[in-house]
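The structure appears below as structure tokens.
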């Protein structure tokens, strides 16, 4: 066995890549190949998990050169949690995509329905990029991975092929490209100052104007990619106009790549000053409020969900900003929990919203209560996901918000608590707009539809939303995983 | 004033011009060209960082990075152009 | 030396000036031409900075193919012609105030970056010493190729993946899009193509081969071969048909697939992924480069052509 | 001695390029501009290539420069033809030069 044994980290990145190639070559078998590749990737991630559980931090010097000449892959608890999350969401969304694209009629005599033929190669390339980001310990490699992600993500965003989706996709492409180029110039400045590209070189560096410029560039670029207010302008339209499985991937995973890299930079680098952190917190506050207000005003369900992503991202930045220059020693954990909670809940919510739109035929919020057809399971999933996003106990979102507020109380940062509470109230308000539509029956003119039985498509959103609530009970083990290998060098 | 300084500053200026173009231009094609200018500027800063006073040979690592960057950028450009062409077809069909 | 300094200053000023001109040109065609010239001059600057590989790649891919892609799109937007008359305008009204504020912000940010650049230490030792130490084990003698295909091979694999992603997205987006008629180029061009294309193929092969020891390599060779394919498409020596689709798919993925398989295949027996055994390193690198060249050439040509090949009506074929 | 000859050739070639560029900028219509460009630049290119070949370290290099010259000349001739052809089809008339 050890005679031929590529390490599991490389496999976690390359297995989806092989899957993408196979799915591109054989479009007819794409769903089967895709699910198989996601399964194989999950197995590789389990092996990574085994290694991380034993050793804490695992590194692989690709090519045997080692940093700084070569590129290293590195996994610790945080990376492991993100890998596991990605595998879970990919599996659920993949199952959801099976039925979402099943009914698509073949268009203009083409041999394969377009969406089904192209969803899987793009989705698997996206997974390659995401796993590559989690495991990378090299700045330039991160740039390349970001580009892999953004091309695949744009491809997914425009899969529907409508004018609105294409317009939003092009705006997304431009924002994403500009963000990546800022990161690239930042990498150039880092190389100018330190002559290295690995994270370790960054850790040993003295602060200097060039490094400050590098950090500023990378911060702005990544904030653009993570859609931090006021750089969020591309997100709502792009996420709302994509097809449901694509929206779920974009909202749950893709924006997290920028956030994850920011976390890693904060861990590695000479830390940005208090002023920058406060600025991030203020912008996060802006996102919480503006995203909340826009979600209140949204007319369509998917647009509401997309705006709530803006607000939730803002909350994660507030969590990052909270700790002050003492390092992110404590608040990074709250941020990581919120990232996980948001990803699981939002994937479930977008899939549920897609189901609701498919069954009812539209997703205008004001007319949800007039529909005679009620997709009960999808509505249940939506409600469960909303519970986690609002942050009601015992959901994972509750644990994330609680650890954020607990830390803020400990440090006496009452203003961040106020922001969190305001965000919570706003989310209650905007989600109840949709939920009341689900629960009111008095405005239905036609006789209520018969129950149509359960569909396979209902399973993924329900499972994801259930997990978003239920995982809160497993917060202890999740925190234990996050602390493996001690990212941010703290002991709990 | 070495070659690295001259071309590095020129690269930054090009990046800045590209940034202005991206933020200011209304036209889709022009914004894409502006993004390409940004990429050229960033690449120029990287190449300038590899320069060493002769007779020393330059550092090959940034050269490899820039070649990677050029290929990545042409890919992204092609995708954006495909979106532009498709959008144009759809818009002229529906608006006409 | 002062002559060279003056030349450098003049060239740098022209580069910046052309960048500005690119943004200021009113006509989109002139803008694209200015952009191509900008790329050429930038490549000249890189040659001055002793970066011939990068200059080659920029001329072939950055300026050449990007320019061709832009021009093709412009022709599509203007209904088959490149001149400004008789076609839709590609501009929309803009908000002047926002534009001004944005430009001001971008200018300020650039000034700050310039100050930071001037404040950066000069000539910090980079990785050249590490590269020089590892060169004997890399399997090739040209440092840039060693970095691309060995020390940072993982990046290069992902770069080929980006190309693959691009062609997948383009095929996805352009399904069912009506084709712009290719311009008829006449007999002089056909004659030129007949002479030049075979020679260009040889030149591509030469670039690939020489990459092991001198400037050149898979990307430059792929770009040259891609340009050959583009010229072939223009002269209609190459006519994509649905029957070519499996072949095209195979050509797109072969570079990525072989690269990734080799990377995994060499692992084991104490070696990690991408760690070529020194004895076989040169062979493996050349194999990977050859396959990547095929993929790059096919992908660049497909990106230029746009949509996946579909059945063409008889009338269109005969024209 | 050879080095000086090579330099002189290149300088002369550069002069032709300058002349061609002035023609491109100053001439009234597309055909005149093409005329200036293809003629003068063809000569300039030949001289620059000659100068470079004189300075080349060995015969192989000189041969490659020769090949480059042949193909660039071919390509620019074809390019010039294509531009002129397109201009004529698009109905761009020769502008009458005022006496």
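Chains here go by letter, A, B, C and D, matching the order in which they are written, and residues are numbered from 1 within each.
Following the convention adopted for this analysis, a residue touches a chain if its C-beta (ideal position, glycine included) is under 8 Å from a C-beta of that chain, and two chains touch if they have at least 3 such contacts.
Because the structure is a prediction, the values reported are computed rather than measured.
Steps from chain B to chain D, minimised over paths through touching chains, total 2. The chain pair sharing the most C-beta contacts is B-C. Seen from the Cα centre of chain A, the chain whose own Cα centre is farthest off is D. We define each chain's centre as the mean of its Cα atoms; on that basis chain B and chain C are separated by 12 Å. Per-chain Cα centroids separate chain A from chain D by 56 Å. Computed from the mean C-alpha positions, the centre of chain C lies at a distance of 26 Å from the centre of chain D.
For chain B, the set of residues that touch two or more other chains comprises 15, 19, 28, 32, 41, 45, 49, 61-62, 65, 68, 72, 75-76, 79, 83-84, 86. Contact with two or more other chains is made by no residue of chain D. Listed for chain A are residues 140, 144, 147, 151, 154-155, 158, 166, 185, 189, 191-192, each touching two or more other chains. Chain pairs recorded as touching, per the definition above, are A-B, A-C, B-C, C-D. On the side of chain C, the complex with chain D involves touching residues 81, 83, 183, 185-186, 188-189, 192, 195-196, 199. Residues 1-10, 12-21, 23-30, 32-34, 36-37, 40-41, 43-45, 47-54, 57-68, 70-79, 81-86, 88-89, 92 of chain B are the ones that touch chain C when the two sit in their complex.
By the touch criterion given at the top, residues 112-113, 115-117, 119-121, 124-127, 130-131, 134, 150-155, 158-159, 161-162, 164-166, 168-169, 171-173, 175-176, 246, 249-250, 252-253, 256-257, 260, 263-264, 267-269, 271-276 of chain C touch chain A in their complex. Those residues of chain A that touch chain C in the shared complex are 2-7, 10-11, 14, 17-18, 20-21, 24-25, 60-65, 68-71, 107-108, 110, 114, 118, 121-122, 125, 128, 132, 140-141, 144-145, 147-148, 151-152, 154-155, 158-159, 161, 166, 185, 189, 191-196, 208-210, 212-213, 217. Residues of chain D that touch chain C in their complex: 71, 74-75, 77-78, 81-82, 85-86, 90.
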